[in-house]
Every structure is written in structure tokens, then in C-alpha cells.
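A, B, C and D label the chains in the order they appear, each numbered from 1.
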Amino acid sequence: MGIRTAVAGASGYAGGEVLRILAGHPEIEIGALTAGSNAGTELGAHQPHLRSLAGRVLAETTPETLAGHDVVFLALPHGQSGPLAERLGDDVLVVDCGADFRLADPADWERFYGSPHAGTWPYGLPELPGQREALRGAKRIAVPGCYPTAVTLAMFPALAAGLVEPDVVVVAASGTSGAGRAAKPHLLGSEVMGSVSAYGVGGTHRHTPEMVQNLSAVAGAPVTVSFTPTLAPMSRGILATCTAKARPGLTAGALRAAYEEAYDGEPFAGLLPEGRWPATSMTLGANTALLQVALDEAAGRVVVVAAIDNLTKGTGGGAVQSANLALGLPEGLGLTTIGVSP
Amino acid sequence: MGIRTAVAGASGYAGGEVLRILAGHPEIEIGALTAGSNAGTELGAHQPHLRSLAGRVLAETTPETLAGHDVVFLALPHGQSGPLAERLGDDVLVVDCGADFRLADPADWERFYGSPHAGTWPYGLPELPGQREALRGAKRIAVPGCYPTAVTLAMFPALAAGLVEPDVVVVAASGTSGAGRAAKPHLLGSEVMGSVSAYGVGGTHRHTPEMVQNLSAVAGAPVTVSFTPTLAPMSRGILATCTAKARPGLTAGALRAAYEEAYDGEPFAGLLPEGRWPATSMTLGANTALLQVALDEAAGRVVVVAAIDNLTKGTGGGAVQSANLALGLPEGLGLTTIGVSP
Amino acid sequence: MGIRTAVAGASGYAGGEVLRILAGHPEIEIGALTAGSNAGTELGAHQPHLRSLAGRVLAETTPETLAGHDVVFLALPHGQSGPLAERLGDDVLVVDCGADFRLADPADWERFYGSPHAGTWPYGLPELPGQREALRGAKRIAVPGCYPTAVTLAMFPALAAGLVEPDVVVVAASGTSGAGRAAKPHLLGSEVMGSVSAYGVGGTHRHTPEMVQNLSAVAGAPVTVSFTPTLAPMSRGILATCTAKARPGLTAGALRAAYEEAYDGEPFAGLLPEGRWPATSMTLGANTALLQVALDEAAGRVVVVAAIDNLTKGTGGGAVQSANLALGLPEGLGLTTIGVSP
Amino acid sequence: MGIRTAVAGASGYAGGEVLRILAGHPEIEIGALTAGSNAGTELGAHQPHLRSLAGRVLAETTPETLAGHDVVFLALPHGQSGPLAERLGDDVLVVDCGADFRLADPADWERFYGSPHAGTWPYGLPELPGQREALRGAKRIAVPGCYPTAVTLAMFPALAAGLVEPDVVVVAASGTSGAGRAAKPHLLGSEVMGSVSAYGVGGTHRHTPEMVQNLSAVAGAPVTVSFTPTLAPMSRGILATCTAKARPGLTAGALRAAYEEAYDGEPFAGLLPEGRWPATSMTLGANTALLQVALDEAAGRVVVVAAIDNLTKGTGGGAVQSANLALGLPEGLGLTTIGVSP
């Protein structure tokens, strides 16, 4: 008998990705699948790519339907995980793919999300210093946002080692699945194909305070982040280009060494060989974060580029990686470093 | 110790897909990786998505580098497998992803490929009646072409059951990876994005005689195939729309029943539930062929639509499925029915 | 002073394309722009590419707002043009981009559209034999559907000349803009990118009876059409592959000659040189229909491939071409044969 | 009789775009079309979208074939325009779409292009202060690079007004046509579709010194530019995100006012209304540069986003705009602000 697992929000993109990974996970037994307005329909009507689960009928997302499982993954609109999680048992591992439990500062939460702060759970990014240990045996996990995953992994080694000034500029391109399955006109294929566009410019994107929180903690001092997200004509993938002023005397060798050290032994994140630059296609469907660094001496800046699959390492894969740690399983169980390409 | 396996043509798209699947196959141990002009370079320079194999150096494709393996996958330009295979031992399982050993009629081969005919090997499409048995214990396998895989699976049940006239019209859309990694101007991203184009019209595509051969064998009589391939702006996937005149008296129910019977128990191919139509995204990275059928009473025709991933079920996945049978392993080992979507 | 022109449905894709063309038309003066639920907003909120009109505020679509113009283009959901047109003056040129006045047979209309039949107007396809004359001086024009434009232009020469049997198979790929701007989940970028899918299979697509009507009229006898539309990952473009059985004795030369004759002198439609096959990118933003023909002797079939921009020749450009004729202007005024590529 | 015009490099993407625009230019008569290895073939074999010119045969690019024209557009690989231009008459307007005459500093040229410096010609960006006047009556024009067009237009108003520190960070996404028609594996559709990738990171891209030169001139002091180009899955378009530290006391209102003033009366560049952000699709085929600005108070930075069509405003349209000025024609002749969308 496997570890009995429920997924709330199974008809959405995040829930679908959690299920895609769980379906190949050797220790997991998939239990209740729930949804909001799609309750009562077959999973296959929404996730036809999940062939082995396509005939499952979605239950309504309630504490009752989610009861009786060892693990519950929540893939819900922000603000919904908080109230629901309160009614799930303390002995159940609850993994929230939403934003509700990521931010430590209630003021940040309220300013960016406009509702009462639910609290803070252990943050599901095992590559951060000390974080792997914090996740072992945890009963609650806040899965990082997709952009913060890419940006935090890109910049923490340089900030932790004091190689750059605490003033980070990030421009990131994301595939459209990051916006979820909401049928909004600007997300129509006709609008997004053949076009790159900017949105959430000027520090207004909700993932900004999460990046600031992560990077400030690592730097041991306040870090500012100028974050500009852009929408690219692809379904999946984030390419984050991150720069900060190099501290005087930094050499390209020292920069590279800091990243090699920070990612030494990490199974899912690290530098590409010199001369190769990340492309999101390298990570499609894989739980990897692939980085490259450069020191631009003329501009006096460090540039770090990170590629992830926003749904895998940025959501469902990251969630399973942290859940594995919490459950005492091998961290990489059910996960792959092999992407689907071309 | 796993089954020692070599892949010739490892830097191309077909070879990369074989490796993507073998990398997750529990019984396979990956041995020599070889290439033509890319010999001497790292696999990661060509296949950066194959993280766990990225540091492997490609050897030259020769009988010597391929010797000493239990299985050899050949993913070479057509015409190259024939001479090479002659020099591989009879006790080695040789799986040819190329066209060299697919056609039974030397005249067909010579007309479409313009070189001497190499011969005919057991055809790697286990879903064809009797073919699964023919593959068990085989030492040589000819992997079907990508278009013939989709079209044969789409039409054989109707032809075998005599439900349609032996005069098939096929229009298929393929992703660009079907053309391989050759750097030709018309395959540049700038040319293919935002555009669907026709090519190989009027029966001139090399996969036409393979479809005719398969469908005629099943129908027990000559079948004509009017085949028009089109190039679609996506990397992977084939959607084949196949039609033939319905025999008098055919009902929608009888049509559906014939397909359900033909695919009863098949792990990797079959009908979608009524009302759902195939999309190639449902099959991305999966070894599935997803079908749907309709009877157009006004036009008097049966329409069958099939979706596959041209690189997975259409090449590398199909190759591994047949190799599993030849090796006496469970047919689905290392393969999945779960696609990567959205 | 130009010809005063109103556009109803200006915030949709068809209305936007009509405006894109009218904005460069030397004889047209753009008057009222109207919308349904978008009334009261700026055009630029919906059509930011129409820079010179972006500040215009959309009025509500009513007979009153549309009054006082010489020409009114209707780009409305089907069923809405009929009642509205009744209240526009007989001296006004009304060009309906919708389906309301295309079908001659009320039974066809009711079966495919489910509402009372509005009537039949002169059909805006000047390339059809005799149709150019029918459009000169007309006060009402029914713009053809996008698929019927491509398919009719592809097949009428062969049917008119009796070169093929009256039994046509069509498989067409369309860009997503053909479905309009309705925010439906299956049209989201995340769903359509990287995927080709079938829909409306088995003769159920609403454009089927329009094709049958056109081709039967030209053939002088009932023609059946098996029509399968597919959705391709691009915003614009239709590639229609059309085949029919060749009549005995047909030669490739005679086939080609029939098309050259049918399109002799046509400004916007015709054959590509031998050896070149249509791609939708050749027609992007242009009012052209580009064709190529082949005779497949093995299969005994004629294959005709046609490429158009579904929004230009298939909607807005075709509408302006016919309106030019109706207004006594040069047929090509404001239109181009030059596409935007790559 | 029109102004007799030749285009060298007519089979490439830049040459094709120049021709696309010239084909609709009312004062231009298109003369010789020349090419390198494609000489002797029909233009339509390479540019099938240019229907009215498709039958033209390409001559070889030599001083002789280009002689006898009033205007010559050069769309050649860098390094080829210099020697050729020397042999074209001083009375001929020569417009170089290549890089040869853009950089003032021979050392910059040699470092980034590795060949002898050809010289410096009037820079074809009329929106720069004083530049429109410099172009009137000119006989030689250096068309700006595509990235420098977007970045210079994005940042010059803020730098000229002293609103930001002279330390600019740029991350730009480009469509693949920016790399030209060279058939390189990494530009294949299979590689670029579904993927965003970084390249030329760390100040190594050849357009970097051109940006530094432009922005330093406007700022009246050395400006550093950290430039990271990325490749996006689309054929056309550049979206450049540019940021710099805001000078103390800068307000959002003052920022906006500076841009409104800088672009007051400009026909082809300027701010979008507040609340709307640029998308490259808004500019497809149009000669427009569309901007938006934000002041991120938390990060203390100004963010400017610019969208252009790299082939139109970024190459062929910009070239014609400057040529119009040089020829004493209305600046916008043959150009449009209306994009092709969706």
C-alpha cells in the first residue's frame, strides 16, 4: 500500500502537474481528486494527457473529501488554502502550491494579496542553505512561487557570498501556464502566439516580496529587487535574467567557484558547463534549475541566467521534492533531471 | 547489471529520444553513444536536456564502437543502417529507427529512396494483428516511420473489419522534429513559426509505400493511400486525419465497436471517450496513440483522427516498446501513457 | 471627403481586421465604431495595434449609431446581423462578415445555426464564375466564411471543368483567430501552443453546408464534402488540403491548365509556380489565396492545397474586395498581395 | 517615373523587409535586386510572400549591377558594405542596413567585429535629438541595429533629462528573424519553439557598443549598459526591458512628462496610455516603437519597456523612414503605424 495522497484543485494546471508527477511516483497511491466548479466531471475532460487517471470523477474540494489521506496537495487560488488547511489534521502532510503560507510579513501579504494573512509554513526550496533540514519531517510545506524559485536559485549564491551589491534587477520570461487556466482574453492563443509582452512592471507583481524575503534572508541584510515579468509565446518555462553590481575585485573565476560550491552535490540545480547558456527547453518536464553566470567587466555587473519549467521545478516537481523530504523518502523519488526536447 | 545498450546517432533527434527513454528504463544500462560528424564532442552540446548523460563523449559510429552490447539502437540517416547492421552480431538485438528495413518490396525502396534495398526486418508495431508475437524474441526490429505509425493505427481496424473501401485519404500535420536536426533554411524557426505548409504532395512522400504496405496487409487486398503531409508550427506531434468511404449500412455504433475491439487491452493505443477529439499535446512525451472516429453520413465517409508524439510512439518509444518484447521484458517498461501538458 | 463607413463589432478579431484594412484605404473615411459589451471603452484597449484609431470610443451597436454612413460592415456573432440589417437603409451598402446571409437553404441554416433563416445576399467571392458581376453595385454582401473561401477557391476549377468526381475530402488547419476572441479554455495559449487538434469532425462544422452549396453550384450537380477542421498553433492562416478522385484520363498538364485558366487575370488568387507549395506565412496580412495542384496517379486523386490568411482574404480583405466592387471602386483598392514574412 | 532603387541582399530577411515596404511605397520604382550565393534564382524562391516581385531574377551583388540607381539599400553581412559602398557614386543615396558604418570608435568596431573599421555615416534614428535634421539630404545612412533602436528609444529621454543614473540594465527578447536566414542548428524551429534562451551574455553582444555610444551621446557622459539578449519563440519582434536607478526625488509624473515631451509629435514612437504595456504583436509589420514607463519606488528604479518589430522599425522600416528624409519626401511615406494582429 502506498502513501495515500489527495490533490485539491486537480483540474487546474498546477494540480495537473502534481498529478503528472505523482502518477509515476513509486510510493504514492493517488486518492481523492477534487475541484471547485469542475467537481462532478471527469479528470480526463480537463487533463486528457493524464491517461491513467482520465476516468476519475472530481469530488468537491472540502475538508471531508480530503480527509483520510496521508498527504494533501493544495493547488488552489490564493486565499483558499488558509481556511482549508486549518481543517486538515495536524498529522497529515499538507503541501500548499499556492501563495498563502509563503510570506512571513503580514503587511506584505495584505498589500499584495488584499486579504488576511494565513501564516507561514516551512518554505519548500531545499537548495537554500539550511532549508533541506527544515523540511525533513515537516507536516506543512509552502511551495515557492515559480518566479521566486528561479530568481532565488539564481541569486542566493552571489548574495550569500557577498559577491554583489544587494540591489538586484530581474527580468524574467514566463510561459503562459504560469497564469493558470483562467480563460482571460489576454491569455488566448491568438493574443500570445508571436508576441512577447510585459506585465506587472514596477514592482507590482505578487512574487516580488517573496524574492525580497528570500534574498534578504540569505544576504543577511535588506535586498531590493526590481522585477519585471514578461509573457512569452510558450506554454511552459521561465528564463530569469538576474543582475547585480559586482563588488570590487570580483573575478569571473571567483564568481563561478561560488556557484559551484553552492550547488555542489545538489541533484536538481546547478551550473551548466562554461560556454553553454540556459534554454527553457532543457528543463521541460524536468525538476531542474539550470544556471549560467557571467561577469560583465565593462558594465561592472554579474549576470546570472536561470531556466526552469515553471510547472515542474517551479510548482509540482518542487512540491514533490519537498514532500519526499517531509516523508523521509529519497528526495528525488518520482522526479527526473531529463527534459523532453526538442 | 543492466542490459548493455548502445545508441548510434545519439546527437540527432531520434537518437536523443531513444536516450531520453532509456535513461529512465530500469533494466537498461547505457553503453556506447556514437555519432557521425559530431563524434568527439560531448552529448550535452547537442542534447542538453539529457542531464545525466550530458558529459558523455560521442564515439564514432563504427561496428567496433557498437560491439560488445546486448542491444544496439540505430538512429541514422536512411541507407546507413543496412551496411552497418551486417557487421553487428546475430546475437545482438538491433533496433533500426531508420527506414532501411521497413519495406518488403525492393522496387518500392529503390523508387522512394534511390539506393539498393537492404532487406526486411520484423516490423515494430505490436498493435498490428499478430505482430506482438512476431516481435517476441526477435533479434532485428524495423521501427515504423512516424506517419505510418499514426496512419496504420488509425485505419487498420476499419480496413481489417471491412467497414470501409480500400481507398484511404490521409492529411497529416507534423511537428518539425520529424525532419530531424538538419539545418535547412525551410526548417528555421523564422520560417515555420506562425505557418502551416504542405510538402511531399501527390504521393511523393517516402512514408507512402509503408502505409500502403501495412494497410494492404491488414485489408487482405490492395489499398490506395492519398497522403499529404503538412508541417505545423510545433516541435513534436503528429495529427493524422484519415478518411475512407463507408461501406453501405455501416453505423456509428458498429464503427466504434470495431475500434474498441481492435484496441481492447492495448496499453498504448485506443479510442478517446466519445465527444473528445485528439490533440497532439495529449501525447507529448508519452508512448500513446489516441484516436477518435466519426461516421459522416452526409459525405458517406468514415473519419479517423490519430494523435501521437512523432518522437515517442512514432520513434523512440515505439522502438523501446518493441525492444522490450524482443528482450522478454514487460512491454511497457520505461514507457509512460502520461503526457507533459499543457 | 471619403466614403463614410461604420464598423459594428469593432472590438473583435473580424472587426479589427476590417479596420486594419480600412485604415489604409484611400477612399474610406472611418465613422462610427460600435461594440456590444465593450461599448464605452476605447478601441485601443482591444486593438492596440490600430494606433491611429486607438483613442476612438466604441459606441453601442444599434441602428441609430450605424445610421448616416455610406457603408456599414457587420462583424457580429451569427444571428445578430439579420435583425440589425433590416433596420439599415436600402441605400446603404451593408457588408456582413457573419454567416447570416450566406446559405440559400433555410433548412441548412436552421440545422447548423439553430435559429430562423435571415435570407440570402450576394456572395462576396468575386473569383467565382459570374460573381464579380453580381457584386458590382450591390447594396448587400454576404462575406464568405474563412474555410469556404479557401476550399471553394481550391476546388471550383476542377469541379467546373469536370476533372474530378463530385466527392471532395477536405482537411484544413486554421489559426486560432478563426474562433474569435471568446475567452474559452480550449483556446488559451497554454492549450493551443505546441499542439494540433481536431474539432467539428464528421460533417458537423457550420462551414460544411456553405462549401457544399458553392461547389455544387459550380459543378452543376450535388457535391459531397467531407470536411475536417483542425486547430494549429498560430494566430492566423488556413491551409486547406482538398482532394477528389480524378476522372479517367486526366493528366497533370490538363489539371494545371484548368487552374491557370480559371485564375487567369485574377489579382488575388492563383497557382504558385510548379514545385512550390503553399504556406500560410506567404499570405499573412495579404488578400491572397495561393494554390498548388498535384495529380497522384497511384492513388488516382487530385490534390489541391490552398493557403489564405483567414482574417484577410478569409474575412476583412475579402469583405473590402467585394465592397470595392459594390462601390464601383478599383477592386484592389486598399488591399495588398504582399504578405508579412518571416 | 519613380525613384529608381536597388536592393542588395534581397534574398535575406532584412532585404526582404526593405522590399516589402518599398513594394507599397508610392514614389519608389524597384530596380535591381541582387544576392550572393542566391544570384541567378528567382526572388519568389526565397521571398514567396512578395507576390508582385516573385518572378524577378536575382543578379549578383556587384558595383556594376547596383549602378544606375538613385537609391541603393544594402542588406549584407557585416563587413561587406564597406568595400562595396566605396564603389557606389557619391550622388547615390546609400542606405546600409548592416553594422559597418554605425560605430564611431574604430577600436569598438575591431573588438566586436574583428575587421578594419569602414567609417561612420549619419545614423538613421530620426527620433534622437537633432538627428532628423542630420538626415535631411544625406547621401549615406547607417541604419541602427534592431536592439539599439529599441533600447535607445527606451532610454534616451530619461538620460537626456538626467532622471536616472548612467548605468543601464537591459534584458531584451527577440524573435528569431533577428539572426537572419543562416541555417544554423540552434535556430531550427524544433529548437526555438517552446523555448526562451539566453545568448551573448555579459556584454559580448555586438550591439552593446552601439547602445553605449547612443546613450552616452545623449547623456553627455559615459553610460554603461549591461545588455542580455534572449531568443523568444516568435519570428519577429523585440521587447526590451530597460532599467536604471532613479535620481533622488524623481516622481512618476515627472518621468512620464519627460517621455511625453521627448516624443511629442513623433509619428512612429511614443508612450502607450497609462495602464497599457507594450507587446510585440502591437507592432508587427508596423514602423512603431511603443513604450511604457514605471517608477518602482521600492527598488528605486525606473523601468522602461519598448516593443518594436525588429525587421520593420528595427531594420527595413527605419531604413525607409530615414531614406525618405534624405530624399526630401514625407518622412512616413510607405510606412504604417498599424500592426497586423492578432
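One rule holds for everything that comes next: contacts are C-beta pairs under 8 Å (C-beta built on N, C-alpha and C of every residue); 3 or more make two chains touch, one makes a residue touch a chain.
As the structure is a computational prediction, the values presented were derived from the model and not from experiment.
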Any chain in contact with subunit B as well as subunit D: A, C
Rotation in the CA alignment of subunit B with subunit C, degrees, nearest 5: 180
Rounded Å distance between subunit C and subunit D, as computed from the means of their C-alpha atoms: 35
Interface hub residues of subunit D, defined as touching at least two other chains: 13, 177, 188, 190-191, 193-194, 233-236, 279, 281, 284, 342
Subunit A partner contacts - residues on subunit B that touch it in the complex: 13, 16, 20, 23-24, 42, 44-45, 47-52, 54, 177, 193-194, 235-236, 272-273, 276, 279, 281-286, 288, 290, 336-342
Complex interface listing, subunit D residues touching subunit A: 167, 169, 171, 173, 188, 190-191, 193-199, 201-203, 208, 224-228, 230, 232-237, 239, 241, 243, 277-281, 284, 292, 294-301, 303, 305, 307, 342
Interfacial residue positions of subunit C with respect to subunit A in the complex: 13, 175-177, 179, 181, 183-185, 187-194, 233-235
